[in-house]
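Below is a structure I'd like to ask you about.
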Amino acid sequence: MTHDWVPGRAAGDDSDLLQILGPDGQVTRRDLPCPGDDVVREALRLMLLSRALDEKCIRLHRQGRLGLYAPVLGQEAAVVGSHLAIDPAVDWLVPASREQPAMLRHGWPLDRLFASLLGRIEAARIPDDVRMLPRQQAIATQLPHAVGIAWASSIRRREGVTLAYCGDGATSEGDFHEACNLAGVMGVALVLVIINNQYAISTPVSKQTRAPRLADRARGYGFPGVAVDGNDLFAVYEATRQAVERARTGQGPTMIEAVTYRIGFHNTSDNSSLYREPGEVAEARQRDPVARLTTYAVTAGLVDRDTLDAQENEVRAEVDAAFERASSYPAPGPEEAFRHVFAD
Amino acid sequence: MSSAEGLELGAESDLSLLQAVRAALTDAMDEDDRVVLLGQDVGRLGGVFRATEGLDARFPGRVFDTPLAEAGIVGASVGLAIGGLVPVAEIQFLGFLHQAFHQVTQQLARYRFRSRGRFHLPVTIRAPYGGGLRMPEFHADSLEAQLANTPGLKVFAPAFPDDAYALLRAAVRDPDPVVFLEPQRLYRSVRGAVVPGAVAEASIGVRLRRDGDDLLLVGWGPTVHTCLRAAHELEARHGVRSAVLDLRVLSPIDHDGLCEAAASRRRVVVVHEGVRSAGLGAEIVATLQEALADTISLPILRVTAPDSPYPPGRLEDDFLPTSEQVVVAALKVVGRA
Amino acid sequence: MTHDWVPGRAAGDDSDLLQILGPDGQVTRRDLPCPGDDVVREALRLMLLSRALDEKCIRLHRQGRLGLYAPVLGQEAAVVGSHLAIDPAVDWLVPASREQPAMLRHGWPLDRLFASLLGRIEAARIPDDVRMLPRQQAIATQLPHAVGIAWASSIRRREGVTLAYCGDGATSEGDFHEACNLAGVMGVALVLVIINNQYAISTPVSKQTRAPRLADRARGYGFPGVAVDGNDLFAVYEATRQAVERARTGQGPTMIEAVTYRIGFHNTSDNSSLYREPGEVAEARQRDPVARLTTYAVTAGLVDRDTLDAQENEVRAEVDAAFERASSYPAPGPEEAFRHVFAD
Amino acid sequence: MSSAEGLELGAESDLSLLQAVRAALTDAMDEDDRVVLLGQDVGRLGGVFRATEGLDARFPGRVFDTPLAEAGIVGASVGLAIGGLVPVAEIQFLGFLHQAFHQVTQQLARYRFRSRGRFHLPVTIRAPYGGGLRMPEFHADSLEAQLANTPGLKVFAPAFPDDAYALLRAAVRDPDPVVFLEPQRLYRSVRGAVVPGAVAEASIGVRLRRDGDDLLLVGWGPTVHTCLRAAHELEARHGVRSAVLDLRVLSPIDHDGLCEAAASRRRVVVVHEGVRSAGLGAEIVATLQEALADTISLPILRVTAPDSPYPPGRLEDDFLPTSEQVVVAALKVVGRA
């Protein structure tokens, strides 16, 4: 009965979150598997690449050479850790909008990503063999699409699962609900990762919902949900791996809430100091997912500081080169404003 | 024709508009096994009008009852199409397409454009609409103007069984999204010959449903019949011979066909069940006065629903355009009033 | 983690539902309060009135004297039991569409209800002092309105809670989600009663959602939810009473799922034999809520069979008289199609 | 003016359009404590454009950040109004009103009609819209035609700070729902005198923003400025004197004012950022050719966005109507091309 009601966890209490790698880079849950060394190395490279991309784009924006950009700074473990659990050769990626490292790993070349930011829309086209939707600007509308793709796979008896992303803000939209419910009813092979970065522009998640955890919503759709420490690559990877396994074996969808923090601004036109305290951001920086994984990797002997430095230089060069290539692609002619409305 | 039978090849059949819809779905599913149906109550029940009756049994695993969620239906159709299928979704009544309007205008209509052709969406959205059946609120709204204001979307509306069949077959084959408007009042009240396998051409457009030299009446869906009744009356009582043009493709409009039909007759009346302001009739008027600036006769009149919400019960008779109103407008444009 | 996932109750297992009055009219939960005798008597009268109204309308429809009608047959305990827990003098009623006895108790006179069914729209107008919204034909759209009304009460510091109804089908709409989430965030005085009558037209609730219970959704909005035996007036009443108390004391919204059965057709244009087995309906009739309450009332000595017969005749006469009055109201003139679009 | 200050009574101020919006909200909240604001990020941040900056601090408990759910925002506004408040809701960008379109068209616009006047909804929906700022997809769409096709809804669009103030004050005072379209490109680029307390009359309509005898250019919101630039060019380079009519109230259209302005000039060009087909320009054309059948000169031309989705980045310059295109159209209708 309703007087039994417990409103849920206290604010700031994250003890319920699945965590495998602690903030100090030490493994806290020996009973759960850690990703293999190759996965850790790839994760590290992608996370560094993502940071280099964020930096480059913000710099370019300040120089007036690039339009609006939304960094993924601080959310790298959540995005990279989940994407590493799928196979781009057979699985579909349905991004929200700032999951750059996932898009890259899925096969969208870096220069094409840059081309999209530069408005070189023809060059930005997603290659035919890359099973990925374009970024979505209308919050949460991609989720029913993801369900449809996964449902088509099940109707056509194709292998491959669908990994979809959305933000904490997106969970308030009707589309989130209609998509999740349909996914449950049809039992489709969907893995939905909610990147809870605590904010939708200026709106903190505490004003977005009173749900103790967003992952609590899953039960209301008849499938499992799990909330994980989104700054812990291992936890995100393991939760997604299990979810992908469930999906591949016909057990239906899973919802994963990766609890993390948007260290940067919402996008390059946002001034986040207007709505959050510097102390809050500084504290979040303490939980930096890249530092955490780096500490682990160095401690475990997977990399040393020198290799890391070299790798950082490498990804920066990669980013610079890709930007140069993208800049050389032709800007669309006026006729492009009228092409691709219908089949020719 | 029994439920869920396709048309026998070669043999012309006499069908109701509803049967023609069902035959088109049946034949489309027979022809292409990527075609799937989804929507509220379309499975076991066969839809509230029985348009999909028998299809679930005939095509097991290809007809899906969905939860009560229109945005989910349209949004999932986008995904189904990207996933390699050819979804035909039913929205139980066109008015409820507004529940999914963001998925229609932002997603369904723009995916080809956004992705520079990487994705295209062969999706058909079928929806009953229009007045005359004393339906509850929202069940009779005509929203074609809003759909025609949405680039990237095609909108078809049949007025007869032959077109219900041929246009629906064309819609399903179309590589781009089509909203297919089914005039619910005509489902059972109009019958006609349907030629099996007759799929309308890609370049479908207007169709003259009655010839006449004195003026042109333009309608679509239910108002084609309003126009035909008016034309009959105009000839019988007033000796005025009016042609009736069935617009059929409401978006993109067949400008050439429309202007050709109007050019020789010069006087035009447009008739629609949607409300007057910013209705599709205005677009037709604007097109004609521009293309035929030197020949068209003014005013081009519109006979439409007034600018008020669709009223309940019998009041719809005072709301919908009538053939009497069309006659009055026609006499005015030919200078006989 | 996701491998702990238990998909929920087995189909047909209703042992989790709150029940106070068993199917045989015996009280099964002595630890919970039963409604007072006056409440039981009023409930019985309203339920009989509702049945008489359903019968009359269906008969009139068959005679071609009334348009579409949606009976509440079988759901009377769910509707009456919940409405009896609010006070029409201060509380708001936001109906879905077939909750006739709630509308009547709230103060919409029976002849005006008939007037609405007859298209006598001016006579059907809800009186100014009746705090009730008109029926809603667009499924679930009334729910954000209900939240807004409750929210206004809280902003204006007015007493009064808002009781809103929706069906099982309605829970799949985005509006259900957006409304519930907003209600949770704003902590408004809302009691949401989901009448789960197992069907949305032909679609069984098993195709509507995989949620074990619809009331499970509440947690994802941060407020309590409870699933009750919707054929048990006592359980519905008690759950709503507690929810109303929570709401009145500023503790926020509650979701109640009343699990019942739509014994009749969806509406007078529906043929439900096309999609459900006669056996299923016959079985549901065994759980008839009116019979259950009658048995209780007779056993408890609150009424005897004779009084009951008299009361049935009385409500029938009341219905007949109201219909006659309604028929005498003027049909709207053509000008009514254009009035009330804007303020004059 | 600092953030969230109303206007000092009596003193005229020079404000940007954005400041005028903020001043109107401030004064409306000062005047009537039933006025509340709600929307995404409207509280502490003051909205993504800062239109509501400072209002949360100035009016504690009357400005609400909502969850990210447009239908919830509009639907809750319906309830807030029924509950006795006067809600002013912000939709972050007009394109996202489609997420709430069912609440707008079925609920907000029809409550008075449905309830026979028992309920009426003094709700204002504010939304930035229009092109020129290189916004992402959906952020620049002009949907006015679809709103004008919705009976029961009023639609206002200011082009200058004075109207931004006076029309918004009128919208908030209006007993019926108003969608208030704020041209985002003009927020900071247009300044002008605003008279405090100047609330537009209930019978607001068109306004002549420039006089001229040779022809009439009709625009609203951002295209009033396109028209003004074209008019300047036409006079300076071609000796053609064009009047510029600011439609201001897009629904219901001020027919009398529109026809009066067109009658004496006979030649008309309509300019809008919405796509051409079934755009609001068509309604204006259809109205004029009917009301002024004997005097109007054909063709009435429309200069609009083409029938394709709003394109990304710089391509919007090839999509939006330009003053050069207006000049070309104007020369055509005056017979100089």
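Here the chain labels run A, B, C and D in written order, and each chain numbers its own residues starting at 1.
Rule of thumb we're sticking to: a contact is a pair of C-beta atoms (placed from the backbone, for glycine too) under 8 Å apart; a residue touches a chain by one contact, two chains touch by 3 or more.
Bear in mind the structure is a predicted one, so any value in this text is a computation, not a measurement.
Participant: Would you kindly say which chain has the C-alpha centre located farthest from the C-alpha centre of subunit D?
Facilitator: C
Participant: Where are there more C-beta contacts: A-D or C-D?
Facilitator: Between the chain pairs A-D and C-D, C-D carries more contacts.
Participant: Between subunit A and subunit D, tell me the centre distance in angstrom, where each centre is the average of that chain's C-alpha atoms.
Facilitator: Subunit A and subunit D have C-alpha centres separated by 38 Å.
Participant: How many angstrom lie between the CA centroids of subunit C and subunit D, rounded to a whole number?
Facilitator: 42
Participant: Report the inter-chain centroid distance for subunit B and subunit D in whole angstrom, where each centroid is the mean of the CA atoms.
Facilitator: 32
Participant: Touching at least two other chains at once: which residues of subunit B meet that condition?
Facilitator: In subunit B, the residues touching two or more other chains are 67, 69, 71-72, 95-96, 99, 102, 106, 113-114, 137-138, 151-152, 306-309, 311.
Participant: If I count partner chains per residue in subunit A, which residues reach a count of at least 2?
Facilitator: 121, 138, 172-175, 177-178, 181, 185, 207-209, 341
Participant: Within their complex, state which residues of subunit C touch subunit A.
Facilitator: 1-5, 7-8, 18, 172-178, 181, 184-185, 187, 207-212, 214, 216-217, 219-224, 226, 239, 242-243, 246, 254
Participant: Using the touch definition up top, name the residues of subunit A that touch subunit B in the complex.
Facilitator: Checking each residue of subunit A against subunit B gives 121-122, 124-128, 133-134, 138, 141, 143-153, 155-156, 158, 174-175, 177-179, 181-182, 185-186, 340-343.
Participant: Help me check something: in the complex, which residues belonging to subunit C touch subunit B?
Facilitator: The contact residues of subunit C facing subunit B are 67-68, 118-119, 121, 137-140, 169-170, 172-175, 200-203, 207-209, 269-270, 274-275, 331-332, 334, 336-338, 341.
Participant: Over in the complex, which subunit B residues touch subunit A? Could you list them?
Facilitator: Answer in residue numbers: 36, 61-62, 64, 66-67, 69, 71-72, 74-85, 87, 102-103, 106-107, 112-120, 151-152, 154, 175-176.
Participant: For the complex, which residues does subunit B have touching subunit D?
Facilitator: The contact residues of subunit B facing subunit D are 95-96, 98-99, 101-102, 105-106, 109-110, 113-114, 137-138, 143, 145-146, 148-149, 151-152, 251-253, 274-275, 277-283, 285-286, 289-290, 293-294, 296, 298-302, 306-309, 311.
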